[in-house]
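Each in structure tokens, the structures are laid out below.
Two complexes follow with chain A in common, the first pairing it with chain B and the second with chain C.
This part shows the complex of A and B:
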């Protein structure tokens, strides 16, 4: 990611914000112009819950660029407390422990580091609830 | 001579310790050293280690978020954030502004990162306490470090990782409550070359035996004595005392020299379980005291940073301390939640393994 891209999405990455339809109350993770449920255009930015449950997961052994030292790592589909689903890395958890892990909570971690210029992207991940 | 009391409140506190540990025995196994000799000479059993995706900034954010929870205030009220660390991920680019964004603080903020080896965190506290005193506002001070020790160096056996945050306020904002009150602080610094890291170097250097008497003990003892003299207190007036803990032996010796009883160190002494967390070190001990103390108890904290200097603080717990401790993870809970690493994994976690 470029520095402006990192900066533009920082709020959502740092604090897990989403968008809520002011008319019907439906909440989304990704930015929307129109509510998928009631077609209203009146949406507001809101904080999403920092707790949820893992619905499914995958253990990644062929890493994406920059994640070479992290294999194996876990990507989970998380249903947040308000029902919104998001994808996140699950940390502080070994592949042998993930099967019995259900409840998770948000943590602040390094997402990536630019290989050439060193700029760090910080943001949310999830870990087993303590 | 009695000086005027500061009476600045601690509204909230928060600690963070990563879940990974390496045992001193495991490091000894790697280098063919005798574990019982090292455990005995350092007074340590294991040290905390960051996860692969953690650094002093992520630690600072976690500690700050817990402190905000305990303070029960809107982060908008905070008008100063100072972060003390010697392991900034960036040489140039502040950690304090990342913390501000991650706790949703306002942009109308006085902020910077501070470096003074292991004393940077308490220097952040002093600046914030004085900021709150002068401006009658809320401030956030953080000590955070993910310290590095050169492979096989004595520091590799003691460098831990963690962070701690305190929220100060002169007066108590609406709906908030005071957990403790800072009454006095006192600093003692001299130019002493006991430990240093040059620009661009990954690992620090130290002056071996020189780190004891002319460095740690001289500054710790002078700051503690200076404060007690100014305030008019004696060691027996304090319910709790916490010193900087570069190892498990120095703080015990400092306590003895000053005339404190080992019982007064009970909650603040944590080095044997997590190692030296540098800028967070004595302050994590203070957080642990607040996790356990009763209202109306007196606390003395003395930090130490190489280079060198000590900050001493005279504090008193208040009613709010008991309710607030339940609002975020306690230090002893953070310490007890752990996973052990082999030396190979530890080297990877500390970035000692270059791919």
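This part shows the complex of A and C:
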């Protein structure tokens, strides 16, 4: 991860901001300049809800490079309270407990450390609702 | 505009670990193989399908490398759409010949993945995912398909068995395929006992990455007649796109691009589903195969598991699926995979598939998928001779 990249994405990753189309009302988490649905360019940045429910999840046992020490870790597809779907790691929860976990909330964590440059990327993850 | 687009020759290498061959060797061998079969007719364009040569081998500019290796000075274009690169290259060749501008195109797919240990290659090929929103959490492609598999199993109350059964059938087909990477049978028990990669997806749900290269000569029918009397028609070629990430899909239980591309392809070919004699589908993970059977309209939504268990997908069945073993057992040389699918369908239709030969098939539907469904190409091939 490069410094400009961390800086560019900080707002989304720190605050969970998304993009709402003022014309059709569709909200996206992924960065958009034009609405995927109605093609309007009239999008506004909005704060997304920090709570949601796990729609589907997996326990990663065969990781990508750099994540070997974290195995096993949980990846979930979460439906936020407003219906927007986001992907996140699920933390503070054992793989054996995850089947019971449905309601989750946002938590601020380290996402990765760049091996060569030493830069740390911070951002949101989700954990079972306390 | 040209009337008919045909496949007039093919070439391929066994998928696997070719320690002795570089990317350039793979490209050259498969291409020469296809060209020699028809005594090197002049080609007027080259398309090279490759997903990730930059990160897997360090070599860029492979459109030039390809033309150079064959001593050609015609236009050469690299096509990249992750795992769908090969299918998309065939689509682009179809359009180029159909337009009448080109008459005889060499389409080659190649991928060199064994320069690194498998974990590194798996990681590097995960660039097909969304880097900002998926990879940031350390998600290999397997984990995204695991999310889909889990959602499918939960929604339709399905066990792992139908997924395992699909894998068993693919391995059974590959045993006699001289070009396959995994030429050994498995049974449902070994599937159930294979280690979890990303729950509920196990090792035997995954297709193996492998080095590979395959090539086609795609020609106008008129031009092909000058050098061969045996060719297969590309009756339709259709492509569609969907959101890069599963986050932005309307439904995670279908691949919308497969639906769009296949409906269009049936219309262009003037054929119904029932006219298709065998399928070649993108079983990168067993779950993608099951969902694809539904998207193509062969199984009802949520019923592909019943289709696999009851109707079956074997070579002996009503509608064979991946008679050469599919990505699951023939192997998955990422950007070349789509070319392998078309080569294998062509071999069947030309009745040159050896011991894998189906009983006089006339029509094949070939579906290639990139990423986790972000690009889909559906090509329909028809016997002409």
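Rule of thumb we're sticking to: the second predicted complex is superposed on the first by the 130 of 130 C-alpha atoms of A that agree within 3 Å, B and C clash if a C-alpha of one lies under 4 Å from a C-alpha of the other, contacts with A are read in each partner's own complex, and residues count from 1 in each chain.
As a convention for this text, a contact is a pair of C-beta atoms (placed from the backbone, for glycine too) under 8 Å apart; a residue touches a chain by one contact, two chains touch by 3 or more.
This one's a predicted model, so the numbers in the text were calculated from it and none came from an experiment.
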Practice problem: Once the two structures are overlaid on chain A, check if chain B and chain C clash or fit side by side. | Solution: fit
Quiz item: So, does A:70 touch the first partner chain B, the second partner chain C, both, or neither?
Solution: both
Exercise. Examine A:2 and indicate which partner it touches, taking first as chain B and second as chain C; both and neither are also allowed.
Key: neither
Exercise. Please indicate which partner A:96 is in contact with in the superposed arrangement: first for chain B, second for chain C, both, or neither.
Key: neither
Practice problem: Name the chain, either chain B or chain C, that contacts more residues of chain A. | Solution: C
Exercise. Check the residue A:31 against both partner chains and state whether it touches chain B (first), chain C (second), both, or neither.
Key: second
Exercise. Using the touch definition from the top, say if A:62 reaches chain B (first), chain C (second), both or neither.
Key: second
Exercise. Considering only touches as defined above, state whether A:87 meets chain B (first), chain C (second), both or neither.
Key: second
Exercise. Treating the CA centre of chain A as the corner point, state the angle out to chain B and chain C, nearest 10°.
Key: 150
Practice problem: In the overlaid three-chain picture, find the nearest pair of C-alpha atoms across chain B and chain C and give that distance in Å. | Solution: 12
Quiz item: Which positions of chain A sit in both the chain B and the chain C interface?
Solution: 70, 111, 125
Exercise. Going by the contact rule at the top, pick out the chain B residues touching chain A in the complex.
Key: 19, 51-55, 57-58, 61-62, 65, 89-90, 98, 101-102, 104, 329, 333, 337, 339, 348, 353, 355
Practice problem: Show which residues of chain A lie in contact with chain C when the two form their complex. | Solution: 9, 13, 28-31, 36, 55-67, 70, 73, 75-77, 85-89, 95, 111-112, 121, 123, 125
Exercise. Over in the complex, which chain C residues touch chain A? Could you list them?
Key: 119-120, 122-123, 126, 130, 132-140, 142-143, 146-148, 150-151, 154, 195-201, 243, 245-248, 252
Quiz item: For the complex, which residues does chain A have touching chain B?
Solution: 10-11, 14-15, 68-70, 91-92, 94, 107-111, 118, 120, 122, 125, 130
